[in-house]
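Next up: the structures, one after another.
Heads up, the next two complexes both have chain A, just with different partners, chain B and then chain C.
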Partner chain A sequence: MPYFRITLLRSAIGLPAKSTGVLKALGLRKRMTTVYHPVSQDVAGQIMRVKELVDVTEVETALTKEEMKALRRPDPGFYIERRASEIRDLAEEAPRW
Partner chain B sequence: MFGPFRLTQPLSGGLLWKIPWRLSRHQKARHRFRLRAVDNVISTLDTALAKQGLSTKQLERWKKEMPTEQEMLPKDKYTVFDRKVKRYRKGIHKLPKWTRVSQRLNPPGF
Partner chain C sequence: MLAQSFRRSLLETRGVLPPTFLLPFSARLSTVPSAAEQSSIPESLVNSKTNTSLPTKDSRTTSRITSPPIQSTLKSPNPAITQPPPFPTPLPETVKTLLPLLSSQPPYYLTAHIHGRPYLLTAGDTLRLPFRMSNVQPGDTLRLNRATHIGSRDYTLSAPAAIKGTRDGPKKTFYLDERLFICRATVLGTESEPMRVKEKTKRRMRHIRKVKSKHRFTVLRITELDVKSVGDVEGKE
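Let's turn to the complex of A and B:
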């Protein structure tokens, strides 16, 4: 199911109250927040209302807040050494990781 | 010449607008960038809805009436009609909230 990934780039401060209301309805409270909405005429109409303020891309799957945060997290730069037996135990508990 | 009571333009005349009468080339470049960003949003909406065989009235109207950034004349990109200005054109940066509104069309003949 395709989704619109909508990111608020410009704030609606000083613009008509309607655009603030549309942003609120889309779930965009602060700049640089990203929300996912299914591709539909309703959402397209809402985006049309605030097209100067947002960045829109079409994606196949919607990410949760936690998944988006995990994508932003940089590589820690280290890994934790384990004994071979510990790795084997972990693999038995969760075979696919 | 120095000190709190020096004769400056705002002190002697009151209000002093410091908006230059024309855009700098960097302002123009950023303005074109913003116009293209809006065009991208429109095309994204259009292609996403077209895949499902949908469209909206507002979107169709925008596509029919509004020129894209490439189609716009420099005159319409950087200036806007104003009946109070000599020769009926003023810089688009005089338009309130000009970086966040879509102002692409002007009256025909002006």
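Let's turn to the complex of A and C:
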């Protein structure tokens, strides 16, 4: 099922209140927010009202907010190879001569 | 060894050297194979294990290695470098040929990326991270496995340049193959900064709110930094 990926690039400050209302209906609150809506006539009409403010692409799958954030998150770049507690346990288990 | 360094110091005088752009100090190896470069390296260079003075002797050859195919790496980035798949991928031919040169010059440096931020490290360094690493205790051994550059005095093995994030996709950083190097760090503990007090005022109010903050930072020591040889990498596969 195709979706519109809509990103708000310019804010609606100084525009008629109707534009602000359309953005609110689409779920766009601040600049650079991205929302996904299924491709339908209703959404297409909404986009038409604010077409100067948004960037629209048609994509196959919709991403949730968490998924979009996970894509931006960089790799940790490390992993814990050995914990200090493991070494301590090993030392305690070792037989004492 | 003394004779070698003496000869090198002799060779490094201004008058003897070729022009600076031919000098091998920025010699680079690239992870992406380039056809023209491989044939230009004589066998003696590749096979030599301990010949540290070779770049000054043969600056022409090494400077040919320096021309890295950065443009081609940007256009066709090798996905195998960033995301190691479950089955081992063979090393590119250029890396196989040129890695011995790098590993023959022991003190190495490495640009490790922790949470996306680069840190230039050598063995024995103490690194104070700008954050407190959760879930670690002093004495834990960490393995740093994301790096963009490994280098020695004369050579640098660098990953393809990162692709800037756009509307269509987030930033994409290419890392070196993690089989090529070992970097271990030990957690030394946490440091903390002096308490900071920020005075917050509101208009027409006598009351001044004081906000205190005291950040804690994890300190690491780089205990081990080594470049593996091609045999080790291939042997593990």
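Following the convention adopted for this analysis, the second predicted complex is superposed on the first by the 81 of 97 C-alpha atoms of A that agree within 3 Å, B and C clash if a C-alpha of one lies under 4 Å from a C-alpha of the other, contacts with A are read in each partner's own complex, and residues count from 1 in each chain.
Throughout what follows, contacts are C-beta pairs under 8 Å (C-beta built on N, C-alpha and C of every residue); 3 or more make two chains touch, one makes a residue touch a chain.
The structure displayed is predicted, hence computed values, not measured ones.
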Chain B versus chain C as contact partner of A:P2, first or second or both or neither: first
Partner chain in contact with A:R82 - chain B first, chain C second, else both or neither: second
Partner chain(s) touched by A:T57 [first = chain B, second = chain C, both, neither]: both
Touched partner set for A:P74, first chain B, second chain C, both or neither: second
First (chain B), second (chain C), both or neither touched by A:R10: first
Where chain A meets both chain C and chain B, residue numbers: 55, 57
Interfacial residue positions of chain A with respect to chain B in the complex: 2, 4, 10, 12, 14-15, 39-41, 44-45, 47-48, 51-58
Residues on chain B engaged by chain A in the complex (per definition of touch): 34, 37-38, 40-42, 44-45, 47-49, 51-52, 54-56, 58-59, 62, 97, 99-102
Touch list for chain A against partner chain C, complex: 7, 55, 57, 71-72, 74-85, 87
Residues on chain C engaged by chain A in the complex (per definition of touch): 112-116, 135-146, 165, 167-171, 173, 175, 184-185, 187
